[in-house]
Structure formats: C-alpha cells, structure tokens
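Pasting the structures here.
In what comes next, chain A is part of two complexes: it sits with chain B in the first one and with chain C in the second one.
Right, the complex of A and B next:
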C-alpha cells in the first residue's frame, strides 16, 4: 500500500513541480542568453539586472514550492472533502503521514538539484568555470586544514539538512493536525498553533541566553579551551547534537499528528 | 445470514450538540437497508462513524467484529454525500486510483458503466457536470465487490430520471451477499428495493423493522409510516 500511496503522492507533486522546474530552467537559459549580447548601454544593463532579479525570484519560488505544495496537499488531502476518500482507503494514518513527508522531502532534494542545475545554466561559460575553479580551490584549502574530517563534515551536514527538512515539514503537519481539534476556523487555529509554538521556542531561546549570560566566565574559559583543543571532534559533536535534536523533534511531531488522526479524527 | 454491522451505544457529540444518543443496532449481510430520517437527524454522522471518519464520543462500531480501520475499509464501500474526488484527475486516473487501493474493485465493470453513460475516461473530473460527477462517484463505489455499501443520500438533489439511474445502478451492481445501507429522506423512490429500515430522529434510533413487518403490523407503506412518525 505504501508503494501505491507513494506513487500517487509523487504524481501529485510532479504535476506542479515539473512546470515550476521548467520555468526556472527557462528563466536561467533566458538570463544566460541575455548575457551573450553584453554591451555597454543603459538598456542592456537594465535588462541584464532585471534578468538576474527574475532569476533570483524564480529560484526562491522554486525552493519554496515543495514546502507550500506539501502543506496544501496535507491539509486538502486529509482534512477537506478529499479526506473522505483518503481515510476510507485501507491505509493507516501512519502510512499517510510517512508517505506525505517523505514525498515532500524528496521533492525538496530534487528542487535543490534543479536549482543548482539552473545556476549552472545561468552561469554556463567563463563564469561557470571560474565558480568551479573557486570551489575546487576552497575544497583544497579546507581539506588541508581539516584532512579526512572534511568528508565526514559534508556527510554529517547533508544528513542534518535532511533531518531538519523532515522535522520542519512534520512541524507544519502537526500544526495543521492540532488545528483540526478546534470546532471552528481550523485553518486559522493551525496558523495560531504555529505562531504559538514559534513564540514558545523564542521564550526558550531567551531563557537559554540568560543561562549562558549568568554562567561564570571561568566556566566558559574552560569550555573554550576544550573546544580549541578538540575543535575537529567538537564540530562532529555539534552536528551530532543537532541531528539528535532534529530527529527527536521529528519523532515527537510525527507522534502527535499520528495520535490525533488515529484517535480524534473528526471530518465534519 | 451473519451479523455484519454492530453499533453499540454509539454516541457522538459536536461540542454541546448531541448528534447521536446511545444508538444500538445490528445489521445482517444480504440486506438492503434504508437509513431514514429528516435532515439533521444524525444519518450522516452515523455513516461517518461506520467509515471511521469520525470518532465516537461513547460506544463502538464493529464491522464483522472489527472497529473501523484498515481491515474494515477493505470491506466497506462508501459514497459520501458530496463530491470528494480530486477535480484535476481524469476519470481514468480515478479508476486506476481505486483499482490500486481496493483489491475488490472491478475496473472493467467501471469502464463499462462509464461508457454506457458516455463519459470518456480521458475527461477531467472538473469538466464534468455535477450530475455526471455524482454518477462517476457512484460507479466507482458500485464497481467494488464490498461486503457493506454505505451510500449517503445517493438520490438527493438529482432529477427523477437520474434517480432511476442511481437506483438501478445500485440494484444491478451490488454484491448480493453484501448489505447496502442507503441513507435518504426520499423514501418513496427507494421503498420498493428496501428489505429493512432504520428510522432515526434527533440522534435517536426510533425503529428498526423489515419492510414486510411494517406492512403487516402497521398496514402502511414505509413512506406512509415515515410521514406519520416524522409529522411536524
């Protein structure tokens, strides 16, 4: 069932995203085409700068699209009229949530790849060669300092990004699901839950800052010395702690959404 | 005939509103049952509870001994009282969707019924009229070999010719060993096909009888009894 659910989920996303990706690649090609006619005139400069702005807007829209589509899909497919079909399929709430979040994260990764491809198209030629040269130089320099840690950092960073993507999407799902517990104005309630959560996280951040501020200086000096002595391993630790935090939050969000849908579903 | 559906003291509240009040009944397989009551009597709430779309405040619904879940959803074919399909999908995509998820779905039968109506599988749902969308929904549901068909107001808001089509589609396509639960307040149109009726009013089950019992004991048709019971 998961495979079938996944197939239909991907079909939904690709229906919109293929078009958006196509537009982005088109804008990139157009921008590169404009650069080929480079000349010292006001009109060219206006057109050239405009094409860069349009490209940046297109990339931004493209990167945001999977998240926006994912949120809309989750809400519409489960909590509006479409939910009558979704929840009468022989599929568990766990499978519904899991397939939806995996599909969105996969689309986010694909969109990132398409965006990088569009950047390659936009800068193809001398500029692209220069970017590659600069990237190669940077990797070489950093590798000299970090050694084999670099490869692990890259892997850890990518894994962390994936976990954050899962966690963030599941947070949106949780807000929508909690919003369904309200009798009226459920979409507004979901938005309220999100901002309530955001406010709470800001309060926790402030409390943490206060704790940091009141910690005696000598403690920070010792911590600082430890970090300097073990800088490479501390960076691994940093990735590890954030990965565990993100994974923990993702599991908590998933569990909340799942429990509400399983025990408190009310498609009125 | 074996017990198919059991509702035990099912109560549903929406905040302060009591939609169903300790409703208990059982249905056996192989019956066509009318769930009859005026608007707002709790018919749709009961149907949604059977399909697991609502959670009961008290009591439980059992389908062949199982609470609504993945097992019961393979046995129950549900027609909601509104159009619930993705309007961007083509008819063919919707048929394939049903075929993917329901092992008892007969796609060939669905295409045959669609062809008879002149609905092309290539058409997008949004391009169909409201009446044809409703017919597509009915065809999808009746193309399943389910054990329990739950049809919420299938003949409400359609013209008399379409009503005949809906009723004949139900009668000609349902699995004879299954039970069909039809919610409606248009009794005269479906009375001839009913074996049994449930009268529901203000969340209470007023009566559960076979049509033959009503005729023998009350000397009335179901429609006449309904008008008498629900008289303003």
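Right, the complex of A and C next:
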C-alpha cells in the first residue's frame, strides 16, 4: 500500500512539474535561440538581457515549485475534506508523512537536475564547453589544495543538503500540523506558527551571539589556533555537526507532526 | 501524431544545430587572453612577446580606451582569464604589452613583440633625438563630454620654445611667494614614429605673460623662463588650441587670479 501511495504522490507532483519543467526547458531553448541573432544593436541587447532575466525567473519558479506543491499537497490531502479519504487508507500517519516528504525531496532533486539541464541548453555550444573547462580547472586547483579531503567534502555536503531538504520540508509540515489545532483560520495559524518559529530562532541566535561576545578572547584565540592547525578535519567536523543538527531537527519535526496527527487530528 | 513527430523532429534538429554556433563575447575573451610561457615570454595572438629589461623613454600615450589583454598560465580556461589573469595594456598596434595589475608573481614592466625586439633594444640603448614636440589637452566632445587631443608644435613653435628654455635666464623662486597661471601645457619631445617621448618642460600663461616653467622636484624647486615680447605671438599660437578647448570645456572661467611677474623678479613660493 505504501508503494501505491508513493506512486500517487509522485503522479500528483509530476502532473504539475512536468508542465513547469517543459516551460523552463522551452524558455532555455528560446533564450539560446535568441543568441543566434547576436549583433551590436540596442534591440538585440534589450531582447538578450530580457531573455536572461526571464530565464532566471523561470529557474527560480521551477526550484520553488516542488516545495510549494509539497506544502499544498500535505495540507489538502491530510487536513481538508480529502483527509477523510486519506486516513481511511490502510496506511499509518507515520507512513503518510514519510511518503509525502520523500516524494517532495525526490521532486526537488529532479527539479535541480532539470534546472541544470536547462542551463546546459541555455548555454549549449561554445559557452557550455568553456563552462565545463572552467569547472574542471577549478576542481583541479581545489584538489591540489585539499587533496583527498575534497571527495569527502563533496559527499558530506550532498548529504547535508539532503538532510536540510528533509528538515526544511518537515518544518513546514509541522507548522501546518500545529496550525490545524486552531479551530478557525488554520492556514493563517500555520503561517503564524512559522513566524513564531522564525522569531524564536532569531532570539536563540541573539543569545548565542551574546555568549560569543562575553566569552574571553583567549578562548577564541585558542579555538582559532586549533582550527588553523587542523583546518581540513575541522571542515569535516563542521559538516558532521550540521548534519547531526539537521537530522535531529528533522526527527523532532517529524515526531511533532506525527504526534499531532495521531492524537489531535481535527479535520474540517 | 505524424504532425507531432514532425514538430519534435524539427525541435531536435534545432537543438542539435545549436552547439555549432559561437558566441561573440567568448570570441572577444579569447582574443584578449595571452599566455605566459615557461621562458618568461608571453604568447598573444600568434606572436611572442619578450620582456624588456630597460624601456628608457618608450612612449605609452594615455587614451580613454586602451586595449588590454589578460595574461594567464597556459592551462587557464578563457572564462577564468579575467579573474586569474594579469591585465596588460597594449600599445602601438600590439608592439608592446605593459603591465597594469598583478595577481600572481608576474614581473612588472614592458614586453616587446619578438619580431622587433632587437631593434627596440638597440634604439632604447642608443637614445633618440627629439623630432617632434607636442602636448596633450582635453577638448569638448558631444558624446563623451571631453576627449584627449594632441597638438604637435610647428617647427617655428618648437624652435621658439627650445630657444627660450635654452637662452633665457630663469627666475629662481624663493620661499613664501606663489606663482599661479591661468593656462598650462606640458611639452613632450618625441620621435616621429611616436615610440619615444619624454617630458621637456611646461609653458604657462599668467595674465598676459608667457613663461616656460620647469619643475626640478621637491629639492630643486621651480624655474621660470619669461618669454620675450617678440616671441609672444608664436607662443600665443602654440597655446591657442588648448586655451580655446579649455574655455569651451569650462565656459571660459578663469580658475586662478593672475599675477604678472617682471623679468629679474624673485618669486617666493
């Protein structure tokens, strides 16, 4: 049943995303086509710059689309009339949340791939080859400095990115879930919960800054010296700490959403 | 269905043709990229440039849009040339490259194209005779507001300027007094082909009196050679292009109060 649910989630996302991806690739192709008429004229410059701006907007919209769709899907499918049907399925709340977040993250990855493909299309030809050459050169230069640490940094960074994607989506789910505890204006309540969370994170950030400011300078000097002497391993540590933090936050958000759906579900 | 397949095939054909089209911006960047060789020379646009250990009085005229190239290591891709390269200015139709900014351990100085390298080394060592005297000034331009212009002195004017400089007894300034002119030009003596140039002296107009002036540096001070009356018309014609241009550019405003200084007077600065 979970597989079928997952398939339906993907089908929902793809119904909208395929169209958005198609538009993005079309805009990229159009932008590249405009470059065929390259010349020194005001009209060409205006059209060319406009095509670049339109392309950037298209990419931004495309990258935001899976998140927006994921939030809408989560709310509509579980907390509106559709929820009555969803919760009659032989699927636990845990599986509902899990399938939805995995589907969204998968679509985010797919959208990223399509965006990179559109960039390749937009620059296809000489420019794309030069971009690849520049990227290869930079990787070579960075590898000369970092050595074998580079490969591990890349893996750690991708893993961190994935965990952050999960964590961020689960945060939105938690805001929606907490919002539905209110009897009226649940969407507004969800937005309010998000801003409340943001405010709290800013307060914690300020507290942390104060702690940093009042810590004696000698402590920071010692920490600085340690980092400089062990810079490569400290970067691994940085990725590790933030990965654990993101994973922890994701688990917490998941647990909150799961608990509320299991015990305090209040459909419209 | 057949129509859809035709449209898709056409789109694919267009996409497949795109890689064979170029990009002008990229072509320009390629033209402006030079490569540092292992022997210290620079390779640019098919020509080798060797460093000059001494460039004497070589002339590098100021222009609004001096062409530049980016010198990089041979393996640096063209898209990174502006970031990782050293900018060098191109002079005299690509005969010289002169360093502008430095990011790596690039030698500062001047590079000469290999086909005329020996010739230039000999000419720099031998020195040159002043064949033309000229000065630069700014003149009004409708599009740019002002552009750089050059006035080359006629033989009579050049001879008159040199004669005043070489024969008139200069006035030695003393501490305390200030000499302020209304108009000033800096004369440069150069070769006919424009490759060599050096600063000679200034000509200044204070009120209605012309002076040849020479700045000897912080330790040497200022020397004033007052132009004799009989030579004033020649000097007036010499400075006229600059005066007319400056008046037009700045609406004939006189910037400083003018003083007339008599021959033999001591000027205190």
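Annotations for the structure displayed:
As a convention for this text, the second predicted complex is superposed on the first by the 267 of 268 C-alpha atoms of A that agree within 3 Å, B and C clash if a C-alpha of one lies under 4 Å from a C-alpha of the other, contacts with A are read in each partner's own complex, and residues count from 1 in each chain.
Here, contacts are C-beta pairs under 8 Å (C-beta built on N, C-alpha and C of every residue); 3 or more make two chains touch, one makes a residue touch a chain.
Small disclaimer: the values here were computed from a predicted structure and weren't measured.
By the touch criterion defined above, A:109 reaches neither chain B nor chain C. In the superposition on chain A, A:159 contacts neither chain B nor chain C.
By the touch criterion defined above, A:8 reaches chain B but does not reach chain C.
Of the two partner chains placed by superposition, only chain B is touched by A:264; chain C is not.
After overlaying the two complexes on the shared chain, residue contacts for A:124 are found with chain C alone; chain B is out of touch. No residue of chain A is contacted both by chain B in one complex and by chain C in the other.
Chain B contributes residues 14-15, 48, 51-55, 69-71, 73-74, 76, 78, 80, 82-86, 88, 97, 100-102 to its touches with chain A in the complex.
Those residues of chain A whose C-beta lies close enough to touch chain B in the complex are 1, 4, 7-8, 15, 81-85, 87-92, 183, 263-268. Against chain C, the residues of chain A that register as touching in their complex are 29, 32-33, 35-36, 38, 121, 124-128, 130-131, 133-134, 136-138.
Within the complex formed with chain A, the residues of chain C that make contact are 11, 14-15, 18-24, 26, 75-80.
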